[in-house]
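Note that chain A is present in both complexes that follow, paired respectively with chain B and with chain C.
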Partner chain A sequence: MQKPFFIRNPSVMIFVALLAAFTIGVTILSQGFGIDVISTSMVKTLGKTLCLCLIALAMDLVWGYTGILSLGHFAFFGLGGYMVGMWLMYERTKAIVVNSLAEAPLPPTPNEIREGIGTQIFGVVGGAEIPPIWVFADSLTMQLALVVLIPGILAFVFGWLAFRSRVTGVYLSILTQAMTLALALYLFQNDSGLRGNNGLSGLQNIPGAEGVPQSELSVYFLWASALALGLGYVLAAWIVGGKFGSVIRGIRDDEARVRFLGYHVESYKLFIFTVTAIIAAIAGALYYPQAGIINPAEMAPIASIYLAVWVAIGGRGRLYGAVIGAGFVSLVSTWFTGGQAPDIPLGFYTVKWVDWWLVLLGLSFVLVTLFAPKGIGGLFDLISGRIAPNRHGADLGPGMGSLREQEAEK
Partner chain B sequence: MTKLILIGLRAALFWMMTALVALAQTPIQDLLQTYQTEVAKPSRKSIDTVVDALIASGLPETRQVLFKWQNKDLFQRNEDGLFFFAEDAGNDSYRLIDIATGQSVGEYDRKAVTQLKPNAGVRGVIANALVQFQLTDPDPIKRARGLQAIERNAEPSHLKALRASIDGEDDPTLLARKQRLERILTISYDTDSAARVAAIESFSTDLGVDARAALNPLLATTRKAAPGLPQGQNVAKTLKPGSDDLSRSAAYDLLVEARLAPPLVPLSEQKAALIANIENGQVGGIKLRQLDNDAARARAYATLAGQGLAPPTVTEADIDAALARHVFYDLYTEPDSAVTDAAEKALTSIKTRVGLNQALDLALDGLSLASIYFLAAIGLAITFGVMGVINMAHGEFIMMGAYTGYVVQQFIPNYTVSIIVALPLAFAVTFAAGVAMERLVIRWLYNRPLETLLATFGISIALQQIAKNIFGTQARPLTSPGWLDGALVLNDVVSISYIRIAIFGLSLIFLVLLLFVLNKTRLGLETRAVTQNPRMAASMGINPDKVNMLTFGLGSGIAGIAGVAIGLYAKVTSELGADYIVQSFMTVVVGGVGNIWGTLLGATMIGFLQKGIEWLNPSNTLAAQTYMIIFIIIFIQFRPKGIIALKGRAAGD
Partner chain C sequence: MSTLLEVSGISVTFDGFRAINNLSFRIGTAEMRAIIGPNGAGKTTFMDIVTGKTRPDEGRVIWGEKSINLLKMNESQIARAGIGRKFQRPTVFEDQTVLENLVMALKKTRTPLSVLGYRRSSDDIDRVEALADEIGLRAELPRKSGELAHGQKQWLEIGMLLAQEPRLLLVDEPAAGMSPAEREHTTALLVEAAKTRAVVVVEHDMEFVRRLNCKVTVFHEGSVLAEGSLDHVTANQHVIDVYLGR
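And then the complex of A and B:
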């Protein structure tokens, strides 16, 4: 008789409890529902951070647990954002167009409404036609389905192609990076049908919720993001907790051995790759209505590398590590780049953090990789007393973590 | 009445007198006096007759007269209306000089003579006429300038002058130019059909832009619609409405334009008519709020039209009937069908040749892009390919090299010297940076390739930001020496800039150098040994640490030199390297890891591919890159180990 899931995974319970406490705390302090200590923009930042934590969770599953360093998950994130953004922008523009046409002497025909929407949305890229990919844009259900389907199918096809030809390790990383670059470059074109480098904007206005002030909307989105993160965490913990989790950890540590044991490695990888792509897309679909704008620059390969940075700083191979990393780095990054961090006068030169933050991040990243491969999450091992055996050498990390030094050296 | 007759008589008498006076003069003066008023007060209207008459006279003084006239140096003596050249004699007076003899005819007060001041338009006409005199000028530079003027702005009158000047031409280059220009002018301005056809045919193998510029206007067409095909006109082709060349709506528009059919009533006008006829909340018997679809609006409009309140719409059947009643055709502007046929044939043959040459040009472009990719990737081929180390900061080493070149130019103003200094200096700087990075970071991570990727990425963003802090975000120029400016022009279609040739040469040098270093030197031997099996190499007395350090330094140093080369033709910014990093990795992966030849093949393939895709879709380089990356992803499916895959034990895993 197995013990219930939550008893076996106390960390999941702790995490969910902390998340709930955090959400309730922010709600109480928020402008919309509470005592107005936290501004609406701060609530949005926190909500966005929760979404980033969710995609970091996905990254941890695919990289920390399965050993696939995907540099493309931010592309899925962005695609999710685009899918939901299309509905937001279309419906909102439609409301505006119908409103303005209501003043006209004749009631508008469906064609006139479509033309009006087309001009409003695509005038900026010199078009008035609504491209075919917007065919479902007037249906929230369809677009929400596309949030899951489009990135899911893309990840499935790409993963299937890549894994079946046994592209592994750094080659896979470079290939995923190329995919991200291709997607970003494609979206940068004006005739991609998604407004080129203007991207989609005005996403913070939710059609049908015009009466709800942003201060309340932001809290709703915070709740939704927290719920998604909580569910994502439980799902991830469930995936890695069972036999499946053991297999993917095995793949990470020595793919060939797992294959020789009779497991179909490619299917496991493909499953994880696709599932994490979908999680990333859902995170993106929640993120961009809070950010208000999405453009292809967000999907540049560098964003995906940052994602890996967060997970590495937070600690790979443990779910809470990814969440901590994403939350910590993105909030600190907001603090430094927002100009809130105090400048350091050195007498001959003043260190302005807006300019030097990236240098600090880059170097601290090198230091974490070199000296603390476990990341921030490693600190919890000190508390729980789970110290790895002293192997008289550097910790070899999850990539070769299960091997002893002598074995790893071949 | 008598007074008027008197005035008339006096005027006639005066004219006869002046004519008599003129008759006593030199032929040129006679001629000028014939057109006395037109010369004295020239206008755009009258000037052509005067200039034509002067040129037709063939008098030797014509050229000088026109020249002086244009430069406001022609004077008229008030007392008898004769024209003279003049020079300033001081004391507010001019010394008048006879046009034909060049003799002074005495000094006259400023008030006794009138300086002729033709306006700008007139001067332009005179200048154009003067061009033909330039063609026979003894000074070859002036002749060349005259030719250039005609090439730029030809006129029918030039053709005769040009033909006349060919015989006397002794400069072979100018002669060739004149003959070519003569043929081109023949195409445009000759009246003899056979001569034109001959001239057109002579250009059928010519790639010159000027030839195409002369031929293309001959084939200009206007699209027309008529009840029947016109006779005796040069029709290019008849068109069928609804075909690809002529859509139905375009055909109907032609009919409307030619007033052969009633105009369509556009939806916007129908809507305006509906709005104008709103009565008691309904239009044409239909309630307003029911007019929210096109069918209801059409019905309402039909009712209005029936009541005569709006022009009737044209139905599809009407359109079909109108289209069937008429023919549509393209009519050549050029009336001579022999000429247009010849021009068509010549242009087709030219197009084929131009296409071939464009392919050659494209190949050259692809080659130069390939050499740039090769330069950018070859350093990576060593660190990634040979050592298996992912260096995401490779792009930033390229950037460091480019900035080194920029800094050197700040201190050494001579561009040639500064480039010569910058190349080894860039190598030194990035070699040092590479060695430092290898010692401090990478050597700890040889067992963790994925983490090398992340750590070097950290270094990459740090270096990029530092460069931004030092040099700012704006692009810095890295100027190439003067002898690298310009391009090698093979013909009007194919040309390649010297700087690209230099980069091509540089990449060739590096290919040979690296092959030599890796295959023929001690360092290359040790590198290959350490790559294959570090423990065995160490047992043989090779110090793997040192070899790794030097190899990494070498790869980084080459990136620095590539940076100088790339900086010469692209602007130097802190993102310079980041633009190349993905392509560089692609090049190495596609070519096959661990092989210099593979990198060469990979760069060639990617360079040609990108240029090829850009040629298919020239307006959109972004799409070209997208398609190229997709192609590479698919390519990797079929050759996961690249074009040249290592086999056997050397392949590792």
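And then the complex of A and C:
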């Protein structure tokens, strides 16, 4: 019989405990609820980082465990952001429009309100009509459902077509990248219905919570992000922990062999591709209200490539590796590109990290790939290997009469 | 004895080279068959066709009492229909433990959702342990299968094959890398399996084939050169010329 899930997976318990400690720690140090050591913008950065950790987890499932190098998961992340952003922007604009029309002698008709919202939101792209895709924007429930449905359906249809024709390896990566590019280019158009390259903005203002200051909202979002990451981690650990994990790792290592065992490989790939797309979308839906703005540039293919780099540096094929990679690299990246890293004057040339950070990242990626394929997560093997070396099958003691392994485990 | 698998008139061409040439083959429900023949005779390609890996240019492959056309099915459907395969080069999941390898092979529903909800029952563990005893890997269950010796990997793959409980076992060169004692044990396992199911063994080792004590089919240049008892085919002048005499 199998032992309970958390006993079998001590790393899940450790992770959840650390995540809780982190969240409580940040709350205590925050401006909104604590002693004001961490600024609100830093709290937002940390909250966003947790969302990036969540999408990295999804990437690890699909790439590290199943071997599908998807360069499209940031498209799902962005779509999730757009879906929630539509509601945020619509409701807030509606409140403003209703407010301004309240001055008028006659109460505004629903039509006047709609027109007002249309002009407000789509004026920048030269429109006044609310496009049909905004039909549910008035309903939070519907838009939240769409966070899951739109990326889920897109991933399912795309995956079904791609996996069914047995596109694998680098060709599949190119195909996912093409999908991402097509989506981004489409959204860049003014008549895409999502405000073209302006994207959606003002997402940090939560309708109905106007009285709550950003310093407090940021902490609520940090909590929500931490909760999502924690649940995502448990879900991922559950998926990879059992026989399903065996099968997808088998697919990664030798998919033909898995077929001959009677498993329909394409269904498994489709399942994991769709589930991870949904996880990515949820991460995006939590990320963009903290970022405040979303535009199509966010889903450009390069974002998904960064995602692969994070997971590789953190260590793919282990869940905490992905989280560490995303957290570490994105925070360091914020530090370097935010102008906080001191420039290095070489006399003849000054290394400005804002420009050179990408080179450093690329170099680290190459070095990790070549010399430490297990990534940062591999360091944990050194520790655990030292504490509990795997000596299965060996005698436990020197004498003939000492305990054997089987007896000791009883 | 009723026919389990009937292959008739199949041909395959790779880049103009006829690897299988109008080959026919049939085997009953509980029968052992050895296939011998020189390298490149098409033995592995024959198994590729039966298991759905390679599509023949022509011919028919008919399976079971209901005469199902295997050529219309994909690899995993064929495997689920009851055809298990052991590869020439041992292919086990090296990154996973012997236990995980065997559990994955156990005959169970294979859909993603049922696999997701799967929990090892004590029955399953008993079954895996019994199999592990049979293949001499009981002590290795928690080890990564990549750490096993070549012969042990062969064993593990045979164990996985038995765990699937197929009606037809296709076994490609099982004795490679095994010691004489291990070879004898393998023979015993296969003979035991053939009491209730069909077993097709490709093997070069004549001692091994003799111990199987079964009908032998000789392949040559993609078709059947001779068929009958081992003594019968080894007395055949063609067989001596193309295979034994070399």
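In this text, the second predicted complex is superposed on the first by the 384 of 410 C-alpha atoms of A that agree within 3 Å, B and C clash if a C-alpha of one lies under 4 Å from a C-alpha of the other, contacts with A are read in each partner's own complex, and residues count from 1 in each chain.
Everything that follows uses one rule, which is that a contact is a pair of C-beta atoms (placed from the backbone, for glycine too) under 8 Å apart; a residue touches a chain by one contact, two chains touch by 3 or more.
Predicted model only: the values in this text are computed from it and were never measured.
Trainee: Tell me the contact category for A:254 with respect to chain B and chain C: first, second, both or neither.
Mentor: It touches chain C, and chain B stays clear.
Trainee: Can A:227 be said to touch chain B (first), chain C (second), both, or neither?
Mentor: A:227: touches no partner chain.
Trainee: Between chain B (first) and chain C (second), which does A:142 come into contact with in this model arrangement: first, second, both, or neither?
Mentor: Touch status of A:142: no partner.
Trainee: Please work out whether A:370 is in contact with chain B alone, chain C alone, both, or neither, and reply first, second, both or neither.
Mentor: first
Trainee: Among the partners chain B and chain C, which is in contact with a greater number of residues of chain A?
Mentor: When the residues of chain A touched by each partner are counted, B comes out ahead.
Trainee: Touching A:110, do we find chain B (first), chain C (second), both, or neither?
Mentor: first
Trainee: Just chain B (first), just chain C (second), both, or neither: which does A:263 touch?
Mentor: second
Trainee: Counting only touches as set out at the top, which of chain B and chain C does A:271 meet: first, second, both, neither?
Mentor: Touch partner of A:271: chain C, not chain B.
Trainee: Now for A:95: first (chain B), second (chain C), both, or neither, which partner does it touch?
Mentor: Neither partner.
Trainee: Shared contact residues on chain A, chain B side and chain C side combined as an intersection?
Mentor: none
Trainee: Any idea which chain A residues touch chain C in the complex?
Mentor: Listed in rising order, the residues of chain A that touch chain C are 1-2, 239, 242-244, 246-247, 249-250, 253-254, 256-257, 259-265, 267-268, 271, 392-393.
Trainee: For the complex, which residues does chain C have touching chain A?
Mentor: 51, 53, 74-77, 79-80, 84-85, 87, 91, 93-96, 100, 103-105, 110-112, 115-116, 118-122, 125, 139-140, 142-143, 160, 164
Trainee: Inside the complex, what are the residues of chain B that reach chain A?
Mentor: On the chain B side, the touching residues are 271, 274-275, 278, 288-289, 291-294, 297, 390, 392, 441, 444-445, 447-451, 453-455, 457-466, 468-469, 578, 582, 585-586, 589, 620, 622-623, 625-626, 629-630, 632-634, 636-638, 640.
Trainee: Could you pull out which chain A residues touch chain B in their complex?
Mentor: 67, 69, 105-111, 158, 161-162, 165-167, 169-171, 173-175, 177-179, 181-183, 185-186, 188-189, 191, 301-302, 305, 308-309, 312, 355-356, 358-359, 361-366, 369-370, 373, 394, 396-397, 399-400, 408-409
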